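As written, the chain order gives the labels A, B, C, D, E and F, with residue 1 at the start of each chain.
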Amino acid sequence: RYGLAEKEDQIGVVTGLAYTSVGGELLSIEALRLPGRGRMKTTGKLGDVMKESIEAAASYVRSISPQIGVKPPRFDRWDIHVHVPEAATPKDGPSAGLAMVTSIVSVLTQIPVRKDIAMTGEVTLRGNALAIGGLKEKLLAALRGGVKTVLIPKDNEKDLPEIPDNVKEGLEIIPVSHVSEVLKYALTRAPEAIEWDEEAEEEAAAARAALRHPDGGSGATAH
Amino acid sequence: RYGLAEKEDQIGVVTGLAYTSVGGELLSIEALRLPGRGRMKTTGKLGDVMKESIEAAASYVRSISPQIGVKPPRFDRWDIHVHVPEAATPKDGPSAGLAMVTSIVSVLTQIPVRKDIAMTGEVTLRGNALAIGGLKEKLLAALRGGVKTVLIPKDNEKDLPEIPDNVKEGLEIIPVSHVSEVLKYALTRAPEAIEWDEEAEEEAAAARAALRHPDGGSGATAH
Amino acid sequence: RYGLAEKEDQIGVVTGLAYTSVGGELLSIEALRLPGRGRMKTTGKLGDVMKESIEAAASYVRSISPQIGVKPPRFDRWDIHVHVPEAATPKDGPSAGLAMVTSIVSVLTQIPVRKDIAMTGEVTLRGNALAIGGLKEKLLAALRGGVKTVLIPKDNEKDLPEIPDNVKEGLEIIPVSHVSEVLKYALTRAPEAIEWDEEAEEEAAAARAALRHPDGGSGATAH
Amino acid sequence: RYGLAEKEDQIGVVTGLAYTSVGGELLSIEALRLPGRGRMKTTGKLGDVMKESIEAAASYVRSISPQIGVKPPRFDRWDIHVHVPEAATPKDGPSAGLAMVTSIVSVLTQIPVRKDIAMTGEVTLRGNALAIGGLKEKLLAALRGGVKTVLIPKDNEKDLPEIPDNVKEGLEIIPVSHVSEVLKYALTRAPEAIEWDEEAEEEAAAARAALRHPDGGSGATAH
Amino acid sequence: RYGLAEKEDQIGVVTGLAYTSVGGELLSIEALRLPGRGRMKTTGKLGDVMKESIEAAASYVRSISPQIGVKPPRFDRWDIHVHVPEAATPKDGPSAGLAMVTSIVSVLTQIPVRKDIAMTGEVTLRGNALAIGGLKEKLLAALRGGVKTVLIPKDNEKDLPEIPDNVKEGLEIIPVSHVSEVLKYALTRAPEAIEWDEEAEEEAAAARAALRHPDGGSGATAH
Amino acid sequence: RYGLAEKEDQIGVVTGLAYTSVGGELLSIEALRLPGRGRMKTTGKLGDVMKESIEAAASYVRSISPQIGVKPPRFDRWDIHVHVPEAATPKDGPSAGLAMVTSIVSVLTQIPVRKDIAMTGEVTLRGNALAIGGLKEKLLAALRGGVKTVLIPKDNEKDLPEIPDNVKEGLEIIPVSHVSEVLKYALTRAPEAIEWDEEAEEEAAAARAALRHPDGGSGATAH
């Protein structure tokens, strides 16, 4: 089944697109959210650039945490594990960045990812989509694998004229320039934002702490 | 005795199947659960991919923790050591993933593993079984070593026609697509699931903590 | 869009200038401030010298913390992530030091960086600007990318005679000798300094701690 | 004196047997138990496989801790240092596993090791003895060094016919299949087992902790 | 300006002397003292020997801490960052040891370093000055850079006859055998020593801690 | 002065003997004891074997801690830094083991080391002296450097016949088999042993802790 689109909408499972010397390929990206203390684990024979793209994705997600309904302190009580199967095959490059963001947002919010969508694109710390290479081979792999919709970076629109017509007809190709668009297309429903005022929360936390460890003076007068 | 099926059902000991340039081989995988603080140790001259397959197996097991009757916070008070003997022989590859999961589940639940079963298959973070290489050589080694039953990934069913008839007659070969099937065949009894509501548990823990360190205000009014 | 000046004033996003064997190039430097505990993360395939230049930039910023309105203990409750996109391209060298300082100051103060400015220059632990190489190629890249103003180290003024006239006409080139000048030009407004007396603050913190955990003697007399 | 059997029964000092290109050799293995916090240190120019064999030995010993009279939590308040002298000579391989277990058990229980015994054999996480190479050379070295008794893995019995008669006459060669036999032969007295019920101990520890930090409610009603 | 003597007396900035295949060179060494927890950071493409010389310098300074007016526990609440600019140029060797000590003492005491002085010399853990190489080239660089006074190890006095007369006339060359002399020449004023009795201080700290967490017995009798 | 015997008895400074391709050499070994938390730092371009010999020396010293008058818990409140000057010269090998032990004992006890003594010899975890190489060259260097007495391993007595007569006449050469003899010769006075019963001390510490955090029950009855 590997190399085919997913059979059902799943939490944390995203279809990326890889490009190697022998052509394009579907890349199943899996994330898990575990009770923990803010650690990130990555496995699947990933090169340094792909590992860094996961770190950038994770930082971006933290930075938009309230927008996806997650209170920032929550991060310190979870670990996240990102794995890219076919663990014997080396993988590298930044082009799975958008897929990494989507996978992490999905496990954090527990909102499933649409099964018939694939995506490719580097992501910046601001959530912008940057151009990738091998668009043609990636789209061919998506078509072959039964994918319906492919999200590509807007900066790669310039490569669309070179894509064979049957590929463009067989796939819905959607250029995106930011993660916000990616999440709109890829998640089965939109996360609900929460209010979060960092300064206010910090002060409240400090106040609670003071209440729990009251000073001797006031405690004494109460006796 | 090494290279032969186990003589009795044991906790944490699983027979995997390796495939090297000189043929197939039985691989005895051992896990221990020790009092500790959530660390994983691996030994036996394991390559990076096999080490990562153990990390993926461990994360998967954590993610199904309540289903095997283990409360998630329990993990922080145990260390797990996975060792693959014949420690002078280098071992690598992801194909022992299913065996790693089985070994870890067995030590956590203290349920023995059936002695006459062997298994091969990569595992994903969702517990899916992925295809492996060298099926023929692995099955020959299993037969030679006195194994009765071999679990293989469903994705490897396509390779069965090439397997010699005497091997297929001498072994019960069971294709599986998910860890849940593996555990059903390999453990001597099924683990009992427990209820676990992460959010509820967290709130309860917070409440207990608050009770232990009561705030000055309410403490004062009680005097 | 990569390789062009930014479209709007953004917090933590600074345009640096790189110089490679194939010419000059714009370098978009991004920083994020996240809830954390004083850690610095860097990504984007950065070489050791560039990573060290970020460490030097961060230490310099800490050393001037009250001047930019940030209380020093605040650093222990934030992580900072600095990323340089086009993550597949190796980057190295100390010449982005001034840009790193600017990016970090911008995320800490939440003051945006002017979108049409670029800068190049090594930075010392005292905030001094040191000379860089490849000035001509960098200025050409700035002009090509639509940058209006370029800050260069005063020590590079000696290279200006070799710069083509059209470049000098198309860009406002401003030699600077210290970070204080850089921040004046690059930030959309000046940070407000706060008073900070390290010794006094430490004593106050100690006093607060003593109040919370009063000694048995005084507590006893109060009963 | 190095290369000869020990002159007296000592705590933590075990004679192993090494096999190199120039023949067999006695290997003096030393362990120390120090006040600490559960760390393991290894020195003596040991290769990775020998270091892993020490880790496996240590985990095995922890797993049988109550059987040798040591309460598991005790491990967190000791460090163990294993050193193999002639520190300029590189050493590697898993064949000192049984000796490592014996050395660690000896320092933990403070029971001396018999001075005229030597041993060779890989150890598994279950304490099983696995076959080693170079048996003939190792036995020759033992004879030369004045050793009286040598413990070898039962799996190496098949090699005994090739051993010269004078060696077999000069040494008592004892095949063993498990650590339990090794300890019986090598220690000057048997360790006394203690009762240890992990779950019960954990609950008791939790109860003690609760007593020390009583909740505010019950404290208040007592006033 | 790099390669010239400093323009004003600064805290933590010391002029060292380097010797490379192309001649001598001035080396500006910068240290910063930051709120922290006893960590040492070093940047500037420093080789292992130069990094070790900074560690030795730091340990020496800790060992004389009361003599420079710094209470030893203070070290746990500061980080020190030592940077050697022109961060793209590799630097190595132990000969900047005296300069490292001076720089660290200067930031700890906040006493400026005289701007027209340069120094070279390895330092031991006892603060002794050891001989260095390349004296002639280093002195030439000092003269060229506008330095007035150069401190050299007494062990290098034997090399003075080979130094050209104009160099010896243009510079005040002062042989030193210990850090105490270096500090006398290099700092703009002498640090004031404090009394520090380690044992007494430890007992006092323990007493304060006991007072804060009084035992239940004595607390009870006071009611 | 480097390469000569010390001029006065100093705490923590020991003269070792090195043997390189160009002959023997004096090695000044320096240790410092600093307020800290049980860490060991080593500098001076030391190879892995020499670093391990320092670790072995340190563990040995911890194991005899009460015999030299140091309470074991004291180790957790000190750091020890061992440095071997002429920091640009690589050093390796285990033969400075006895010197390392002596240096560490000297800083811990604050008892000076006799200035006119040198020593060579590997040390085991039990404090035994093992044979070293290059005895002749080392003794020549000792004579040249003004050393009066040299401690050598008893196992090297066999090499004495080959040593030139003038060397044997110019030096007092003392064969030793254990650290206890080394300390007797090298320290200016003998350390005073203290009583230390690990189990008793642990129980006392636990009792003190319980007193400080009394349980709620007894506290309540006292009101």
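Annotations for the structure displayed:
The rule is simple: contacts are C-beta pairs under 8 Å (C-beta built on N, C-alpha and C of every residue); 3 or more make two chains touch, one makes a residue touch a chain.
Remember, it's a predicted structure, so these values are computed and weren't measured experimentally.
Path length between chain C and chain D in the chain contact graph, taken as the least number of steps between touching chains: 3. When the CA atoms of chain A are superposed on chain F, the rotation angle comes to 180 degrees (nearest 5). Centroids built from CA atoms put chain E at 48 Å from chain A. Here the spacing of chain B and chain D, counted between their Cα centres, is 28 Å. Chain contacts: chain E has residues 213-215, 219, 223 touching two or more partner chains. Judged by the touch criterion defined above, the protein chains form a single closed ring in which each chain touches exactly two others.
Following the touch contacts around the ring from chain A toward chain C yields the chain order A, C, E, F, D, B. Every residue of chain A that touches chain C in the complex is listed here, in rising order: 48-49, 52-53, 55-56, 59-60, 62-63, 72-73, 75, 93-94, 97, 122, 124-126, 128, 130-131, 155, 198, 202, 210, 213-217, 219-221, 223. Only residues 1-2, 10, 12-13, 28, 30-32, 34-35, 41, 43-45, 77, 81, 83, 85-88, 208, 211-214, 218-219, 222-223 of chain A touch chain B when the two sit together in their complex.
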